[in-house]
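Note that chain A is present in both complexes that follow, paired respectively with chain B and with chain C.
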Partner chain A sequence: MQDLSGAFAEAFRLLLDLDADLMEIVGLSLRVSLTAVVAAALIALPLGAALAVTRFPGRGAVLVTLNALMGLPPVVVGLVVYLALSRAGPLGPLGLLYTPEAMILAQMLLVIPIVAAVTRQTVEDLRAEYDEQLRVFGVGPMGMVATLLWEGRFSLLTALLAGFGRAVAEVGAVIIVGGNINHVTRVMTTAIALETSKGNLALALGLGIILLLIAVAVNAAVMTVRRTPRHAVLA
Partner chain B sequence: MPFSPDIPPMTARTEHRGEVLPLVARALGLWRDGRTLLDNVDLRVEVGPLTVIMGPNGAGKSLLLRLLAGLIAPDAGSVTWAGRAPDRVRIKRLGFVFQAPVLLRRSVADNLRYALRAAGIPKAEWHERTASALAEVGLDRLADAPARVLSGGEQQKLALARALAPGPEVLLMDEPTANLDPTATAAIEDRVGRARDAGTTIVFVTHDLGQAKRLAGRVVFLHRGRVTEDAPAARFFDAPASEPAAAFIEGRLLP
Partner chain C sequence: MIRRVLFTPALVALALSTILTLPAFAAERFITVQSTTSTQNSGLFDAILLQFTAATGIAVRVIAVGTGQALKNARNGDGDVLLVHAKPAEEKFVADGFGMKRFDVMYNDFVIVGPAADPAGISGGRDAPKALTTIASKKALFASRGDDSGTHKKELGLWKAAGVDPTGASGTWYRETGSGMGATLNAAVGMAAYTLSDRATWIAYANKGDFEIHVEGDKQLFNQYGVILVNPAKHPHVKAADGQAFIDWLIGPAGQDAIAAYTVGGQQLFYPNAGGE
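Let's look at the complex of A and B:
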């Protein structure tokens, strides 16, 4: 246990010193995952809202697929993105493999189903409540979608935070498409995997602690959004 | 409809022609699951007295109001606003207050501003209209409160203020006080009365006899999806011509 307590001590020293390598890794993690969530939101919010207000043949199958994709294994997404970005793949000429952009793309694909599915459910529920009132206001389809998205903002924010939690914590996709290259594509989860296998427990533990703190912060943010009395009545 | 043969020719009779009024229902029929909900309903609403649509539960009052507002399409017959089918542009000239107020998850004032913007009211008028609309129902001090923390009565007052703020040509109300206590009911009726006196044409659905007597200039009695009587209020309450209406007024159970 000597090793372990020594590792903990070293981990806290790295954290308190704001070790440069550590901070670089944390910074890249946050940049990749936040960008992925924002990009996913730009696609998933309109997509989910459109699914909520339209009826077409095969819609049920689309919804089942969308809900199933929420549990998409990150390594599968990583593999698919890898194939697409590899030299022989359709997006090969972009030269994105083993870049942060490739990791953003992969995490975006992981987050889209979560946000789209929650958006679809939220907007559909709100529509049942607001449809007649908004039609009496003379609001058209696009205006109705915009209104319902705003009315569902607290649920949607929760979905975005959940999506961020999934993105920042996953290792399978980013390690395949990013390659865990030092100073280029090394993020918290891939670094933990590497450092642990190398026996460098201090850095791995330090990163693990930060990852846990981020998870706690995200969950606290979700709770605040949902539980604050003022928001509770608005939601 | 490519053309409307139903538009009456110009007559000597002076008639207000707005964008919604006259609001005319012709031979409306509505069926669901083999049940007849509305049967051959004719109704004409013009500028004039407050029309109360009265009848027991399940008579089809709320459905009729939704058909008049163009929210539901009839299975038979037609609804026309000023001679043409309802549309999304002219619906902005129509106000609707539902039995359960549907408020946006925003502040009281933002609920009003949303309605004003939707109705195409110039932004320069929003402040003035919001302030006066809230003052009219005594909610001015709650302008910044989240709408959904208001009490039931306050919520319905807000819904009414919001429906009136753009200055609608016609206001349709679907049992707006059914869930409210007498004080809130009185406040709603008071505001409705002032809107009527100011020239807003109002169609008010209720099954409350006392309320109908207080508000109605004209009563349309609906029973089992049919209009059994359409008369000036005084005559309707003194000498109802149809048996279902007479029974309802006397408090007897309807067949």
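Let's look at the complex of A and C:
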């Protein structure tokens, strides 16, 4: 109980101090996870939409696999990325292991299935809804994907936020491929793991509270964007 | 209309990724050291590495994992220098051609810690295997690292010396956490179990509860740390010159003095002993 109340005091103290080390860790967390989500979105949004509007043999199996991959354990992704980027691995010569780029890659792999699966469902539902209008206007497949993605943008934004939540909260992957190197690859979650193992439970939980505040801030920022006037596309 | 629809998210994405990648990391001169959780959790690296960097301009990036994982990572070439504490495994690493010469750096010792109530009645003993035999016979809770770390290897050696095979009791009184030293101490404190810890991590550990040292001073609890340069013949990208500079500093007067000067709460955590074999 002492640690619980101590955690809030620690969080408050860290925020008041604007400790340079903490700012660096928060900055890296945001940079890694936001970049991972943006990169994942560039792949997952078109992929999910394409899966929604196309029909091909084995599609059911692909969808089941995609949905199952949403539960991919971060530590497994971390291990696979480690084996790929290790000097003894196929991408070893790139020298990317223990860099923020390796962490971005791992988190991207974690986020892609989430965004792609939700995009697929969202676009498929919208397609059923707008089927007649799309046909009347004679919209081609590319146009259809673009239109449906735009129409589903609020749901898709939520999918991106879910992806961001997954990325910024995971520790299993980044601690393996990043190595939790002070001033280089230490992010919020790995710092929390480290402080916990040092027995500094109040400080660790204080960092956890700050991580939560960051997530609230990011979600609030996105909510503000949502409030901007919406343009009717299919007027 | 559709064109705009397509390009808005793409533009946002492009802008975002540009902003996010702008503060690129300075291309600094650094080496990567594969090491153990005890050296990091005890705060030693934070205390001494800056002195090396100030003297040479070489930054040190530490990957703190169990000794088993550190050896494996170094075998894969994912590090320039190895600083761990499991001499037989280190000697095998060198013998297998993955490392250059091994140097002693420093030592401390292991201690058996447990709840103040001391349910097995081992307090004050100096014979570690005997204490473990007592723990086993009373089926008192014991938390093992269970992670192939240097401490875990030491613990298994002590069980062997005690003539007890605790792995059959795994899940009952013998509990393998599969985690680092700090996490295992957290678990031990949480379930009032005995555990084996290196003294440095124990002293620096901040969540002791009512735990105290019960057994110490046995010669078999000696804990030697060694340093090895990863063999550049195996992994050509290894920064041999800078890595060797780090090793020379560590086993030279400046590094040895820095190690001796590091204390927590007035207690010295590591004792330099480079120059032995």
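Everything below uses one rule, namely that the second predicted complex is superposed on the first by the 199 of 235 C-alpha atoms of A that agree within 3 Å, B and C clash if a C-alpha of one lies under 4 Å from a C-alpha of the other, contacts with A are read in each partner's own complex, and residues count from 1 in each chain.
Basically, a residue touches a chain if its C-beta (ideal position, glycine included) is under 8 Å from a C-beta of that chain, and two chains touch if they have at least 3 such contacts.
Given the structure is predicted, the values throughout are model-derived calculations rather than measurements.
Using the contact criterion defined above for the overlaid structures, shared-chain residue A:G179 touches chain C, although it does not reach chain B. Contacts of A:T65 after superposition: neither chain B nor chain C is touched.
Once the two structures are superposed, chain B and chain C can be ranked by residues of chain A touched, with C on top. When the two structures are aligned on the shared chain, A:G138 is found in touch with chain B, with no touch to chain C. With both structures placed on the common chain, the touch criterion links A:Y130 to chain B but leaves chain C unconnected. In the superposition on chain A, A:T224 makes contact with neither chain B nor chain C.
Chain A uses residues 139, 143, 147, 233 to touch chain B in one structure and chain C in the other.
Residues 27, 31, 34-35, 38-39, 41-42, 45, 86-89, 92, 95, 97-100, 139, 143, 146-147, 149-150, 153, 179-182, 184, 194, 196-201, 233 of chain A touch chain C in their complex. Within the complex formed with chain A, the chain B residues making contact are 66, 69, 71, 88-89, 91-92, 94-96, 98, 102, 104-106, 114-115, 118-119, 146, 148-149.
Those residues of chain A lying in contact with chain B across their complex are 129-130, 132-140, 143, 147, 151, 230, 233-235.
Residue ranges of chain C in contact with chain A, taken from their complex: 1-2, 5-6, 9-10, 13, 16-17, 20-21, 23, 25, 32, 37, 40-41, 46, 61-64, 73, 75-78, 179-183, 185-186, 204-208, 235, 237.
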